[in-house]
Amino acid sequence: MVIDLNADVGESHGACAVGADASLMPSITSANIAAGFHGGDPSVLRKTVRLAKTCGVAVGAHPGYPDLKGFGRREMRLPPGEVEDLVLYQIAAVAGVARTEGVALQHVKPHGALYNTAARDEALADAIVRAIVAFDRSLVLFAPPASALLKAGTAHGIRVAAEGFADRAYQPDGSLASRQHPGAVITDARTVIARALRMVKERTVVAVDGASIPLAIDTLCIHSDTPGAGELAAALRAGLEAAGITIAAALRR
Amino acid sequence: MVIDLNADVGESHGACAVGADASLMPSITSANIAAGFHGGDPSVLRKTVRLAKTCGVAVGAHPGYPDLKGFGRREMRLPPGEVEDLVLYQIAAVAGVARTEGVALQHVKPHGALYNTAARDEALADAIVRAIVAFDRSLVLFAPPASALLKAGTAHGIRVAAEGFADRAYQPDGSLASRQHPGAVITDARTVIARALRMVKERTVVAVDGASIPLAIDTLCIHSDTPGAGELAAALRAGLEAAGITIAAALRR
Amino acid sequence: MVIDLNADVGESHGACAVGADASLMPSITSANIAAGFHGGDPSVLRKTVRLAKTCGVAVGAHPGYPDLKGFGRREMRLPPGEVEDLVLYQIAAVAGVARTEGVALQHVKPHGALYNTAARDEALADAIVRAIVAFDRSLVLFAPPASALLKAGTAHGIRVAAEGFADRAYQPDGSLASRQHPGAVITDARTVIARALRMVKERTVVAVDGASIPLAIDTLCIHSDTPGAGELAAALRAGLEAAGITIAAALRR
Amino acid sequence: MVIDLNADVGESHGACAVGADASLMPSITSANIAAGFHGGDPSVLRKTVRLAKTCGVAVGAHPGYPDLKGFGRREMRLPPGEVEDLVLYQIAAVAGVARTEGVALQHVKPHGALYNTAARDEALADAIVRAIVAFDRSLVLFAPPASALLKAGTAHGIRVAAEGFADRAYQPDGSLASRQHPGAVITDARTVIARALRMVKERTVVAVDGASIPLAIDTLCIHSDTPGAGELAAALRAGLEAAGITIAAALRR
C-alpha cells in the first residue's frame, strides 16, 4: 500500500508569513506551491521550489483566484475562459521557476474556493483541465474523489489523484463538513492517524453521522496553516509508515 | 541593412484598455508582452501571444515593477535579489503561455522604470541578466546602447540587441531627453522616418544640441500608447523598406 | 415634475482611463464617485470631487467590491460583516476627501456586482445600509425600485432614491434584462428620451415582452462608459427639460 | 515630566497577521492605525479603532505607500502631488471610520519608507503636511526630531510631536542606524528602559560612537512587529512610570 502526502506551501508573501513550510516539507512527498494570486510571491515561490528540491519533495502548481486579500477562499464568479487563462498563467509561472531550479512539475492542485467550486461546477472544472492539457498533458490533477473536477480530468484523458483530508470531518455524501460546524477540523494526532489509516487501508471514512462511506484516495492533504502542522505531519507520516504503508509522491507510483 | 521593429504590447488589463496592439502588430517584428505586473493580465497575455503568432511577430517578455497603478513607470527601490526573482517569474509566465500557443520566446525587454534604472544601475542590471541566464541563456536582451544593462548582458555572455527610439529626442551623452522637455517626443511621421533612417544607415542621431552622436542599434522601438501609433508604425516600416532596409526580428538576423 | 440625473464617475486609475467624466458632468445632477476599490484612485477621486463642485453636481460615494481587475462587476461571496466594513471605509474616504474640498456628501450608490447582488440579497443589503447608518444617517441611498436594497434602507429609516435606467431594457418583473440579451442596451437617443419621459411622467416602462409595467423612480442613471455618453446625457437632459421636467439633485427635492 | 507612547497597529490584512496589537494596546497612549495601503484592511481598521477606544488610546492615521507586498518599506518615487492625495485619502478613511466609532482623530504618522524619505526630502514633507492641513489643521504630526518633515509641519503652523525610538541605535547626526548594522535594534528590556529614561529626562541619547547627542522628543515609538513586543511595551511603561514620568497621549498634554 502506498499514499502520497501533500501540503499547500509557498503561500507567504512580502511581510506576510503564512504556513509552516520548513517544518512540513520533510514529512510530505508533494508540495503544492502558490503562484502569487491567492498567496506567494516570486521570491517565496523560488525559495519554496528550492526547499522542496532539497527535501526531495515533488513540486506542483497551486493556482488560486486573484484575491490576495481573501487568500483565495472567497468565491469569485469568473467566466470559465478567464479561469482557464489564469490557471494556465499560474502553472506556467510555477513550472518555469521550477525548471529554472532543475525541477520538473509533477501536478496541479487548485486552491481554496477555486478547488471547492470546481468540485461541483462542471464548466469551471473543464476550464481548469483545459489549462492543464494546453500546458502539459503529462501533469497530474489533484481533485476530490468523485468530484466534477476529477471527472473532467478523466474525461480529458489526464492522470488524476483523488485527494482526502485526514484532519477534516466528512458528510454522508462524501463532501467535507463546513469549517463552521463544530468538530469539522480534527486536531488530535491519534484520531488523524486512525482516520488516515482507514482511508488508505479500507478506502472508507466515518462520516459525521457515524456511517462508514467509501473514500478512495491517492493523496492525503496536510493543512499547513494549523498550529503545530509540522509536528502533526511528522506524526502522521510515522503512523502510516509504522502500519506498513509506503509514502511516495503521486507521480512515482 | 536590417533592423528589428519592436513595440510594448499586451498592457491592457481587466476593464483598462492600453495601447493600439491590433493596429501595431502588422508593422512590427518583435512584440514585448507584459506579464501582469505593470500591465497585462493572464487573458490579455494569451490573446496577445496569439495575435503575435498570427502576424508572424516574434514574442518577448516585458517584465516590469509590480506597480499596476503606476504602470511600472515609478522607480521602486527593490533589493537586486528580489528584482531577479520577479523578472524570472515574469519571463516564466510569458514563456510558458507562449509555449502553450506553440511560440518560443525570443527576447526579454524590461519595462519603464525598471529599464531606465537598469540602464545606469549595475547591480539592478546584473540581477535582470541573472534571471535571463537562469531561465534560458539563448534569450536576447533588449537594452539601451552602451548602458549598464547592455554591458551586463555581454558580460554574462548572452545575446543583446541595442535599442533606439526614432520618436524621442536624445541628449548629447546618448541618453533620452526627459518627457518633461519640450520636443522630447517627436510625432511628425516624416521626422521620425528620417531619424530612423539615419540611425540605421549612419548609426548616428542628432542630439538636442544639434551635434551628431554615434548610436549603434539593432532594434527600433515604436511606442504603442501614443495616438495614431498604428499609422505611425506603418509609415515608419514603409519608409524604412522604401530605403532598402530589411525589417526582421532580432533573433532571425 | 422633477428628476435627478446620476452617473458613475471617477473610475479611472493610474494609467487606466475609464469613462467620459468631463463631458458628462455638465449634464448630470448627482455624481457617484468611485473610491479606489473597483475603480478610481486617490488623485482621481480628489480631481473628480473638484470637477463635480465646479459643475454644481451633488457628490455621492460609489463603493464597490475590492476588484480593480474585474471593475467590481464580478460577484464575490464576502461575509456581510466584511461588506459592511468595506462600504463604510469607502464612504469615509470619499466623504473625507469631499469635505476637504468643501463639499458635503449627498448619497451612496453601490457599484456593479455589489449593487446587483444587494438588490436581491437581504443580508448583503442590510450590511450596506448598516454602514451608511453608522457613518451618517442623513445620506440618501440609491437603489433599484422595489429591491431588497431599497427595502433595507427604508427599514433602517434612511432616505432612499429609486433608480431607473433609460438606456436599458427591463424584464416583466421589473429587473434589468441581462447585457447578454440583444437589445438590452439602448443607444438611440430618441428612444432613450422617450423611455425616460415615460418613466418620469407615467411612472411606467415598457418591458421586453411589450407590457407596460410600473416603475416609480427618483433618479435616472446615465452610463458613463458607453461611446458618446456625454452627448447622450446632454440630449437626455435637453429632452427632459423640453418636456417641462425639472432636473435637480436627489437631496434638493 | 510626560511622554506619549505610540505604536503602529492595525497592519494585519486578510489572512495576513501582522503585529501584536492586542498585547500592545494596554501599554500605549497613541495608536497609529494603518489605512490599507501598506497594511491593514477595512475590517482590521474598524476593529483596531474599537480596540484603541476600549483601551483609552488616542487614534492616529498611519498612511503609507501603496505597496502591500513590500509593507510600505520600499521607497517609491511618486510625484509630491500624488503623495498629497494618497495621504489625504488615508487620513480621510481612518478619520471617517474612527468618527463612526465615536473617536476623534488625534494625529498622523507616515509609515516606513514614506516617513524615512519625508524626513530628508522637503518636497515630500511639504506634500504630506499639505494633506494634513487640507483635511484638519488641528491634527498633530509625528515626525523625527529636526527632520524636514517636522520643519514642514512647523512651517505650516500645525502641531508636531518629535518621535524617538528607545529600541533603536542612533548615529552621531541624530538619524537612526540602519537595521543592517549589528546592534541597530535593541531588544534587552533594561537597556531600552534606560535609553528611554535618558531621552525623556535628559533629552539626549548615546549614539553608536559613544557620544551623547541631543534628542528632544515628545513621543516614544514601540515597534509592534518584534517578538515579545507586548511584554517589552509593558516593561517600558512600568519603567518610565516608576521613574516618575507620566504617560499620556500627545494631544492631551
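All chains are identified by letter, namely A, B, C and D, in their written order; residue positions are counted from 1 within each chain.
By our rule, a contact is a pair of C-beta atoms (placed from the backbone, for glycine too) under 8 Å apart; a residue touches a chain by one contact, two chains touch by 3 or more.
Every value quoted in this text rests on a predicted model; they were computed, and no experiment measured them.
With contact taken as defined at the outset, chain A and chain D are each touched by B, C. The chain pair with more C-beta contacts between its two chains, of A-B and A-C, is A-B. Between chain A and chain C, the centres computed from C-alpha atoms are 42 Å apart. Centre-to-centre, using mean CA coordinates, chain A is 39 Å away from chain B.
For chain D, the set of residues that touch two or more other chains comprises 41, 69-70.
Contacts from chain B toward chain A in the complex involve residues 36, 41-43, 45-46, 81-82, 85-86, 88-97, 99-100, 134-135.
Across the complex, chain C is touched by residues 13-16, 18, 39, 41, 68-71, 73 of chain B.
Residues of chain B that touch chain D in their complex: 66-67, 69-70, 74-78, 113.
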